[in-house]
Every structure is written in C-alpha cells, then in structure tokens.
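What follows is a single structure, written as structure tokens, with notes after it.
Which chain is which? They are A, B, C and D, in the order written, and residues in each are numbered from 1.
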Amino acid sequence: MRLDETGRLEAFSDGVMAVIITIMAFDVKPPSAPSLSSLHEVVPKLLVYVLSFTMVGIYWNNHHHLLRATRRMDSGVMWSNLFLLLWLSLLPAVTAWMGEFPGHALPASCYGVIALGAGFSYSLLTKRIIRANGTDSEVARAIGRDRKGYVSLGLYFAGVFLAFVSPIISYVAYATVAVMWFIPDRRLNLVEQANDGNLS
Amino acid sequence: MRLDETGRLEAFSDGVMAVIITIMAFDVKPPSAPSLSSLHEVVPKLLVYVLSFTMVGIYWNNHHHLLRATRRMDSGVMWSNLFLLLWLSLLPAVTAWMGEFPGHALPASCYGVIALGAGFSYSLLTKRIIRANGTDSEVARAIGRDRKGYVSLGLYFAGVFLAFVSPIISYVAYATVAVMWFIPDRRLNLVEQANDGNLS
Amino acid sequence: MRLDETGRLEAFSDGVMAVIITIMAFDVKPPSAPSLSSLHEVVPKLLVYVLSFTMVGIYWNNHHHLLRATRRMDSGVMWSNLFLLLWLSLLPAVTAWMGEFPGHALPASCYGVIALGAGFSYSLLTKRIIRANGTDSEVARAIGRDRKGYVSLGLYFAGVFLAFVSPIISYVAYATVAVMWFIPDRRLNLVEQANDGNLS
Amino acid sequence: MRLDETGRLEAFSDGVMAVIITIMAFDVKPPSAPSLSSLHEVVPKLLVYVLSFTMVGIYWNNHHHLLRATRRMDSGVMWSNLFLLLWLSLLPAVTAWMGEFPGHALPASCYGVIALGAGFSYSLLTKRIIRANGTDSEVARAIGRDRKGYVSLGLYFAGVFLAFVSPIISYVAYATVAVMWFIPDRRLNLVEQANDGNLS
C-alpha cells in the first residue's frame, strides 16, 4: 500500500503549509519584557499573523477540495503546484515585514504582491488540472467559472497599488478576501459528496 | 489509494503539531557558555518546554482518539480544527516568553490565555464533530459529558487571573492539567476497541 | 492499513524536503526597513532562494518518480536515501551564505560542493535501488543511462572550480541545471503509465 | 481509507524527526564572511551535525523496523513514544552547544545525557510494545536480547562521565555508537521479510 500520485502531492503540500504556519507563528517573537507595553508591541504582528494564517488555511481547504476531485496528474500539475508553494513560502517573510512596520506603504504593497502571486498560481494549478483531466471531467465541470477567485485577485491587485494611498485600504482589502473565502466553495463540495460512495 | 478527508485532516494537524514541538525545543537556545552557571540559566526554559511538550502531546493523543471515532466531516469541522491549530501555533512564542521571565505575572497569565483558547477551540471542534455526525453517532455517545475538559478549562481560567496573585499558582494549575490528562480518555478508547474489527 | 516501506521512505523524505523549502524561505529575512533600498538588498537572497527551491523541487519530482517505480527496498536504499537528505539539509545554510555574499567565489564554490554531494548521493540511491530490485527489474530498465544526471554533475563540478575565475560562471552553471531538469524525466514516466493500471 | 493507529504514530514520529534534522542543519549557521577562515570555523559544527544526523537516522531506521513488526498499541506505547520524541527534540540545542564549544567537557557530557535519555526511552518503548503485543508475539520474539542497545547505553553512559577526563573520549564513544548502529538490526528484518507476503 502506498499513497498514489495525488496523495503524495497532497501530503507534500500539506507538509509545506504546516511548516509555513508554524514558522510564521514562531516569527511572532515573544515580547522583549514581561510588561503590558511590550505585549502591546506584539499586537500588530499578531493581527498580521492571524491574517496570513487564515490565508494559508483557505488555500489548504481549497487545495484539499480541488485535489479530491482530481483524477489524473501530469508534470504540468506538479510544477504549477510547486509554483503555488513557492509563493506561499514567501508569506512568512512578508508577514514579518508588514507586522514589523504597520502603517507603511511598501510592506503592505509587497504583501499584496505575494498574495497575488499565490492567487495567480492557484488559478494556473486549476487550469493545469482541467487540462490533465479533460474539460468534460467532473473536476472541470465542478470548478466552472471561478468568480470568487477573480474577485480575490482584483482585491489583492487593488491592495498592491492603493497601499501607497493608505496602507489601511490594503489591510481592509486583504481582510475582505479572508472573510469572503471563509465560506468554502460549495461547487466542489457537491462533487465530493457525489464521490463519497466511491472513495471512502 | 489516497487518504480520505479525515485522514488528510489528521495528517495536516500532525504536521503542525510536530513542527510546533520541534520549534519549541529549538527555542530552548543552547547555553551561552560551556559552564554550569550557563546551563543553570536554561533550566526554567527547559521546564516550561516540558510542560508545553506535554500539552501538545495531550492534544495529539486526544485529537487522534477523537478523529478515529469520527465518520463524517464538514467545513465547520475543518475550520474549528484550524482554529485549534491557530491557538496551538502560538504556544511556542508564549512558552519562550514564560521561560525567559519565570516568576513574572504577565507571561504566566498569557500562557493561560493561549491554553484556554486551545482548550475552548478543542471543545468547539468536539461540538462541530457531533453536529456533523449526529447526536446518536458513536462519536457523540462516546464523548458524553466532557468532565475532564471542563476541569481543564477551569484550571486554565484560574491560572490566567491568579498569576497576578502569584505566578507559582498558575504554574501549579497548568502542571495539574498536564498530569490529569496524562491518563488518556477511556471513553473514546472503548469506541476504538469496538471499531478495531472494522477498521484495521 | 499502513504505509508500506516505500511509502514511509517517501513520506519521511517529503517531510524533510518540505521543511528545507520553508526554512530556506524563512532565511530570506524580511527587509530591515520599509524602504525600496532595503527591499533591493533582499533581491540576491531571493534569487538564490528561487534557485535552491527549484533544486529541491527537481529532487522531489525525480525522487517521487523513482520511488514509484521501485518495488523492493533494503538497508542500502534507506541509508543512501538518508545520505541524499543529509546533503539537501545543508542547502539552506549554503543558500543563505551565497545569498548574503553575492559575487564572492567561496560561497558560490561551496554551493556547488553541496549540489554535487546531493547529485552524487542521488546517483548512489539509484544504484542501490537497482541492486535491490535486480538489473532486469522495470525500475532498472527504466533508468537506463542517466545522461541528464551526468551532465548535471559535470555542471556542478565546473561550478565548484570556475567560481574562482568568476562566480557568475557558477551561477550560470547552476541555473542551467535547474532549467534542464525542469522538463521531467520521460523515461520513468513511461514505467509509471504502464503501472497505473496496477497501482492506483 | 485512513492510516491506522500504528500508521499515525509512525507519521507523527517521522514528522518530528524530519523537522529535527532540518532544524539542526539550519543551526549550522552560514559562515559570517566569504572567507576560508570563516568556513573553517563552521567545521566542528558540521561534524557534530553529521553525528547527530546519523543518530536521528539510526532512530528513524530502528523505529521504522520496530513499528512495522508491531500489531497492537495502547496508551503506554503512545506515551513512551512521545517520551522518545521529547529527548530527540532536545538534540538540536545540545548539538548546537557542543558544536559551538568543541573541546569543552560540559557540552560533551550533556550531549551524552540527551543521547542516554533517548536510548533509555527507546528501550522503554520496546518494553511497552512487547507488553501490548504479548511476550509470545512476533515483535517480542524478534527483539530478543537487545545487546546492541545495551552496548549503546553503556557507551553513552561512559561519554557522560569521561567527558570530564577528556571530551575526545566522549566524541569517540558517541561516534562508535553511530558506526555500530549503521549496520541495521538483522533480527527485525527477518520478521519483516516473513510478513512481507501478508502486509504489502
């Protein structure tokens, strides 16, 4: 018994995402003194961490639903998945940067760039999976028009530029994406339920 | 062959908990000199590490037993599990803080806040699993009244406030929880044994 | 149900590679100030990170294809796999070194030494797998002459010494390997397709 | 399909050991300058890292063989496994300490204490597994008298005390254990081969 191709891709992606989450949390360094004012300094870092944690959580959830509906893989799927992991792996550094300099335009803008890169590569992964499974496969029919995905990319794109007007706008844009995705994608859930009899 | 939904949730949670443990141990920095006095300085950090290690070990054990009795999942289960991981991921930072400032009230109190958050989200996870599996499912019947869980929450709650009387009280409260949970939950073990014929 | 021997070796290797990737990304420290000039300083580190990420991605891909075609294992396979992981685990340190001192000969040369060590131990792993599975096994026939592997070793070898002429030559050599391997190994893919009916 | 109890214990242990290896390698900080003398300073750390890597590799190998022969688990097995992971998780800190202060007695002695703790808890794990599986189980018969294990404990024990005569003696003792275990345990291999027909 061994994990099949999809299984190992899921396991590897899970591993990377699990470490990303923990490394980010580790980067929320403990306060430098046992005082309320030191604790107060950590608050922005903590909020940015929760934002990034939610983003990784969303990707984990969606990735999980997407891969469960996937039957066939090829090297295009593998590399676009690695491309997604590359962008996600840069999240801890940009999270630490934005958390250390709240209210500054450049870190807020760069955060959006990384988020945009991750979002774009997730779309690419989706396209590669459809190509590998055929446009009449269940995963292709299930994904359909990815309205939520496009809105997210638009919000990240806005965040990248509007950070230079005010970083607050970017923060609101990024938080909006997080809240919006919090409700998971119903479309793939349906496929999954239909498959449950065959798979589990 | 691939892991099913519960399997992947377990694997991801295991990954996060494995990294948390190792990151915490890594944070017990080596002594700054090769002398007994330097080694002595590390002792409080080491003790706090062992406490936090035990806490993660307890969650791993209970999580494992809980998920093994679980048959159905939904997005509520997934997000409450991520919520639990969010709290646990903050454990390394607060462990480092308490280990660096032993005898101070604020770190000892915050340690309790994180522990309370993890305990609360574990209860939430339990409730979501019961909702997803039905109140007449085996996991629901198995969990029953979670007396141990409520006592733990009470002790953590006490630790949060009594730290300002004396941090020692909090340390004792947290250590009591650890010792108390050391004996694993018999109730779920029974379900597991009953399932062993079907599962393994 | 449990993972078989090959499954656990894959899972462990995946775990190590997942952590390596994330640790390397974490080592691309956030810029020290929220300014363009600080961001600019991070660029060489980022480029070296992408190079190393690609290298680990290549190993993950090839390792995955190799192990999928493997039927039998022994302790020689296990230890040569650990030997490969030992070299890969040194990648974060040498990546950070080369990223911090771009344009210097010694870090560029040492990067090649680590890459050469990883490449050599991968060849060793391949040989041990053939020995364990027999020269007439499908994995042995599939691997055949490993032309790409030998070219890679040659380029790394050149990079180690030509770094002292100019580090740029080494950078070009290492990047060439990355691009060259980007197109995955067709030979093992064929075996895999032939096995798909039996395995998945 | 999900991993069974033994499977999840293996997966979790693998996760912890994978992170330990990578964290230790990460702790071999890159040289502080792009010069030969800086590179030279890293050499002791590198050697100690290779020693500790080998130790974790040995535990991974033996743990893997042991768990594969195990049929039944209980909470005693789980906790003694966590106890083993606790000791192993302290390896990165003591490795960094010994690597930073080569030739000093105390770090060399403490390295032996951690190794002794890990060795002792591995023996404990073995005993708990025999108790859970019965003295007439195949795993019990397979383990038999653990001569190699006792010699290892003796060498670590010697290393702890003789470090104060000369740290060199400890280094030799620890390296001897590594070389001795490098040849895997034939006894469990036999059980495994006998099981191969049933398991894989």
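A few remarks follow.
The definition used in the following text is that a residue touches a chain if its C-beta (ideal position, glycine included) is under 8 Å from a C-beta of that chain, and two chains touch if they have at least 3 such contacts.
Just so you know, these numbers come straight off a predicted model, no measurement behind them.
Seen from the C-alpha centroid of chain D, the farthest chain centroid is that of A.
For the pair chain A and chain C, the fraction of shared interface numbers is less than half, so the two copies use mostly different residues to meet.
Mean C-alpha positions place chain A and chain D at a centre distance of 36 Å.
Rounded to a whole number, the gap between the C-alpha centres of chain A and chain B is 25 angstrom.
Along chain D, residues 1-4, 11, 15, 18-19, 23, 200 each make contact with two or more other chains. Chain contact summary for the complex, chain A toward chain B: residues 1-4, 6-7, 10-11, 14-15, 17-19, 21-26, 28-31, 33-36, 39, 50, 53, 57, 60-61, 64, 68, 182-184, 189, 192, 199-200. Interface of chain D with chain B (complex): residues 1-5, 8, 11-12, 15-16, 18-20, 23, 27, 75, 78-79, 82, 85-86, 89-90, 92-94, 96-97, 100-101, 104-107, 110.
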